[in-house]
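Chains: A, B, C, D and E, in written order; residue numbering restarts at 1 for each.
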Amino acid sequence: MALLKINNLCKSFGGLSAVLNFNMEIRENELIGLIGPNGAGKTTVFNLITGVYKPDEGEIIFKGENIGGLPPYAICKKGIARTFQNIRLFNNLTVLENVKIALHKDVPYSLPAAVVRFGSFYKGEAKIEEEALKWLSLFNLDYKKDEIASNLPYGEQRRLEIARALATHPTLLILDEPAAGMNPNETLELMELIRRLRDEFGLSILLIEHDMSLVMGVCERIYVLDYGQVIAEGKPEEIRNNKRVIEAYLGEEV
Amino acid sequence: MKMLETRWGKFIIEVVALAVIFTLVQYFITAGIFNQYHQITLTSMCINIILAVSLNLINGFTGQLSLGHAGFMAVGAYVSVVLTKFMGMPFIVGIIAGCLGAALAGFVIGVPTLRLKGDYLAIATLGFGEIIRVILQNIDYVGGPAGVVGIPKLTSWGWLFAGVVVTIFVIQNLINSSYGRAIISVREDEIASEVMGVNTTNYKVLAFVVGAFFAGFAGVLYAHYFYIIKPETFNFLKSFDVLVMVVLGGLGSTTGAVIAAVFVTLLTAVLQAFPAVRMIIYALILILIMIYRPQGLMGNKELSVKILGRIWSGKDGSFEDK
Amino acid sequence: MRISRKVVLVVLMLFMFGIVAGCGGKAGGGEEILVGINAELSGAVASYGTNARDGAMLAIEQINAEGGVLGKKINAIERDNKSQADEAMSVSADLVGKGIVAQIGPLTSGNVQGCTLVMMDNKIPLIAPAATAVNVTVNEKGETLDYIFRVCFIDPFQGTLMAQFAYENLGAKTAVILKDASSDYGKGLAEYFKKTFTEKGGKILAEEGFVKGDRDFRATLTKIRGLNPDFIYVPGYYEEVAPLIKQARELGITAPMGGGDGWDSPDMIEVAGKANLNNTYFTNHYSVQDQNPKVQKFVKAYKEKYNKEPDAFAALAYDAVQLLAQAIKDANSTNPEDIKNALENIKDFEGVTGRMSIDEQHNPVKAGVIIEFKDGKQVMNTRIEPK
Amino acid sequence: MLELMQQIVNGLSLGAIYALIALGYTMIYGIIKLINFAHGDVMMVGAYIGFFSVSLLGTNIMVAMIFAMIACALLGVIIEKVAYKPLRRATRIAALITAIGVSLFLEYTTIFLLTPQQRIFPQGAFPVHDYNFLGLSVSNKDIFIFISAIVLMIILQFIVKNTKTGKAMRAVSEDKDAAVLMGINVDNTISMTFALGSALAAAAGVMIGVYYNTINPLMGILPGLKAFVAAVLGGIGIIPGAMVGGFILGILETLVSGYGNSLYRDAVAFGVLILILLIKPTGIFGKNTGEKV
Amino acid sequence: MLKVNEIDVYYGAIHALKKLSFEVEQGSIVTLIGANGAGKTTTLKTISGLLRPRSGSIIYKGTDITRIAPAKIVEMGISQVPEGRRVFAAMTVLENLEMGAYLRKDKKEIARDLDEVFDRFPRLKERRKQLAGTLSGGEQQMLAIGRALMARPSLLLMDEPSMGLAPLLVKEIFEIIKDINSKGTTILLVEQNAHMALSIADKAYVIETGEIVLQGQAGELMKSEEVKKAYLGG
């Protein structure tokens, strides 16, 4: 059964269609790439899946339930987490706090317990801290846990954002250009990490990426988007040799 | 086991420190070292601290620009006065009802308006604050524009101290919990926060309600000390005063709010003697502080000995020119 | 850049400490009589406060020029209460701590009430120049507050007076009340006007209100024009009343209008216009046109010193100080308790706002006059002696 | 019916004044996203300059208005350079507090220099005549205010639409970086906006002087707040929005005073504002621009 | 004509350009190609003076313009077609074009240039009174180019003119770029559409995470597998 199935998704802004009759299917434990030239509507698709935008038409079936139009926090609770193209960390907070916020949806103590500081608060905080550190160490960020997030170098900010997304315990992880701004070495590490995450946590991963080496290297299937529509779908090799894709990317041969 | 020890250890130190402060001031009052003027200034100071710390929860930690704090203060003051003066209930009932009344007002106002952002939210909250004032002005039961006179003076140093401690305690505990982090995440990045599973609307309303609750508390204490309340006391200029304290202290810093509240209260008291230039000096101080320290005295940091040293040596990151 | 910021911070701090240190100084020795002036010098009603302060300072200057009281000079300490009751209280406490023998002010009833507790606790008399609400000098149980006095009328007196005048002298059978609803003064006068006017058989067609700071009354006036009343009662202060009358006349409302001592200001004629003021009346303590030499002397001295005409606030504050001086003389003591006792026994004190005696409730018993505006002049229409 | 017409006529002059002040608010907001709380006080300064021009120099009202506009344009530029420019990169709330500071400074410096007493606009500066049209009473004062407000709005519209500076102002408020790429000096353009906005406020100040005859140092607070409400009502940052918002507010207030209870006037004004914001969170003319994610 | 020497540019903590150097010859079309986020736009912004390099220098016609105000740089003859067009949406087409000539005072010449732009883009002429925000993407791109031309630049910086445009339009735009160049304007073109860019450029630099990784004559790079690799991966 498909984990996520998108049927005829449409979204337009001020009369301009950003996404038109978009269809997609993600199975469990699959690693999918979504590519396409700038302005093709990839990020809009992400925003629709995660509830940041409300779809005009179409369904987004996640675990057999239409989540189209739900608010983002509800979608997160259903098990979809994401990162952002232009990194959106909680900039003035520490690395550790960033991850802790992601753990808030399963907060183990009540509001009164927090205010009056019952024992359950201390136990709960210890648990949150432990888990947050676990995620950080997975991304080699634990040594910087008390650093202010905006002071991290770019690559680490990217990693922190992924760590934060994972801390919400998603079944589907959506990464918007995770390698943007990374150097080749960092990108390689990232590829390795993405594979490992998928295997270790049994995740399905959907990613947008411009770095083709990354997309081609890790994705099992790729969707290609142009003008808000899917123009190709298939295995990396198929995509690489698809004439429409090459045209969309490099422009027509002149 | 060790953690438990330090936790209890800290707790005991805190309790002892608070007890010492309380007794000391109480002694100063009974011994007459603090005269009536000092006491009134102290009262204003405590009320301002409660107001600033609670508004800081909304404006500083949640990042929602609210300009209606005086309105909540008014609700707290009036509700409690109706109970204590008109119905003869004990002070504690007045306090609880005043706080809850203000919190309810916060809820009623917060739910619709918190969808608005930035300046639109600011003007909507300012508007609600003014609406509360106008409504009070038209209720003859509570004296209309003349307000209520002869409110029993029930606010004692004990209540003021309790008010300040409880406000700081509750808001600090809230902020330093997972709920508080959720609240702060709304300020940092609302969309990222939503996507991380935080129901931002709920937390904005929560912060608004808690902030209003304590503003109500401040209102109760105000009414039962200053003998008289009038709707005019709670106009938008009062909200501005509180906002000034919060921003001077540094948005998102409780210690900053406390320091600024103390500073502004003392400044006000001192300036009474300079009627001709008092407001000019006040205005200039505001402008200068904002120009030279736009992030407020504390930025969003809390005061600790370490930070003090860093601010002075100029290593505080926020001091750097970009 | 960083250094200059630090310098500014340091300067700011030093500045603050300087101010704090500067005001710690001890006040006056035994050769002076310390009097506190607690006035609205900034904030919403700063204009009343400064006029009253000027009136009070003139009185003190004159008294000192004549050798002071009991051979001692009066030393006034001025403090600003920002037109707020809580600050008024704080100012009072500050003044009391400095050792004043009595306090003049604040101006508005609410702010005086803010000071009440401090004055009562410290047993220092307060003389309110212009607080007209009934419950300023008495508590809710009707008991007189020992240390609170005033030199102005109370609301019922003026309201009742004007109602009588309108019904009996002007023959009005219907009236509309347009009051300053943001002040207890306006509401108080309106209440007693309504009471007396209906008791006499008149009919109140409508009761409208405006708020301090309003400058546009056309909408309400247009409504009133439709009702066509015999009389319009406008209890309020001149800042609002003057443009209100002007606008009423511009809208073609010709009915006679009346008000209280809040109308008394030289600005009335200038703002409302001479012609527009015809057929308007107000209750007052005295008239600037009063040929009583005491009044004329005061008006002249005030004009010389401040280059403006005194309004009711200035005159009342002047009287408050003179009354205090009289009490000190009567008591032959500067002990606040003695002063208070002397104040309670004042009889037939000649003030610029009339001859007054202090009654049991610490209110002045003095004659009221109905003043009519005639071609830009205040003319005494009727004088009503205290019963 | 006649009364309703009269009420609307009453509301028009008030609305015109609100609109003029709101225009400055909105222009300044549009260009630096600052709620310039001192704007109402600039209006007050304008009223005083107009007053002194009439009473001391004996000029007529038009000249007084021009004096006031020039002086306040200068004042606006100074305020911007001294108080707001250093905060261009600071948080907006810091700028807001500075604006409150500037507002207090203007109010109390005026009180310090000129006492808190109200001043009376010399009657001779503007002899009032009343006209009657079909039972509606309209004074030449109303006509003067209405027409000069409209003329000023047309001039403003012309400046903003047709002059180079005006276009630069629009360009800067829309996209600062792109404007810089055109070679526009952003600082000068912002100063120009302050100058224009403050000049309009000054004109409104003189009109209030004429309209109500009296001026005082705190006269700017309330109209300033109302004009801000008007600007938000119309969609802050949008010039036609400010005009419409001003007129709506003026007429609304008159109708509430005329047909309801004038004591609830401010509450109704704010209530309507909140209602409109809840229905259309960016004001009547505002565009809904979702955050780019 | 333009020489960029080892500039280092930071966005907060992010080191966006690392000792980046390249040159633009008078009269040529030079293209900077590379994936998203590689630092192309940052480079253009730095040349225009919107960003300041922490170190390194930018020499234009022999003058160091590294610390010169953006307006002055425009006056010196460098104008930019920014990424995403950035036309003034609430202003008319004509007004947008006038903004392009903001610093010029020669009214007659401006009018002539305006006619020239309208000749080049007849569609803009038709819509001169229309608000720029209502134009289609292609028309907005033309407007952005026209606007930049109104400054009479000797060096035109173009940031992704093909972005979000239909292929047919992309072709049209590139024809226009070639034509502008043939009339004597030097062009520095930043592009994602590598084929197109290389097809009209004289010289090309491939930029990756803030560094130049490849450079050469456009024709050679066109055939190089490495470019394809940089885009589509190996």
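Everything below uses one rule, namely that a residue touches a chain if its C-beta (ideal position, glycine included) is under 8 Å from a C-beta of that chain, and two chains touch if they have at least 3 such contacts.
Remember, predicted model here, so these are calculated numbers, not experimental data.
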| item | value |
| --- | --- |
| Contact distance in steps, from chain B to chain E | 2 |
| Chain whose average C-alpha position is farthest from chain D's own | A |
| Between chain B and chain C, centroid-to-centroid distance (C-alpha), Å | 35 |
| Between chain B and chain D, centroid-to-centroid distance (C-alpha), Å | 32 |
| Chain C and chain E, separation of their C-alpha mean positions in angstrom | 73 |
| Multi-chain contact sites of chain D, meaning residues that touch two or more partners | 108, 111, 261, 263, 266, 293 |
| Multi-chain contact sites of chain B, meaning residues that touch two or more partners | 137, 191, 276, 278-279 |
| Chain C: positions in contact with at least two other chains | 41-42, 44, 181, 211 |
| Residues on chain E engaged by chain D in the complex (per definition of touch) | 48-50, 70-71, 74-75, 79-80, 82, 86-91, 95, 98-100, 102-103, 147, 151 |
| In the complex with chain C, residue positions of chain D that touch it | 3, 6-7, 10-11, 14, 108, 111, 115-118, 120, 123, 128, 130, 137, 139, 208, 211-214, 216, 218, 222, 253-259, 261-263, 265-266 |
| Residues of chain C touching chain D in the complex | 41-42, 44, 46-47, 49-51, 181, 208-211, 213-220, 222-223, 226, 239, 242-243, 246, 250-252, 267, 270-271, 273, 308 |
| Contact footprint of chain E on chain D as seen in their complex | 164, 167-168, 170-171, 174-175, 177-185 |
| Residues of chain A defined as touching chain B within the complex | 50-52, 71-74, 76-77, 81-82, 84, 88-93, 97, 100-105, 107, 109, 111, 114-117, 121-122, 124-126, 128, 151, 164-165, 168 |
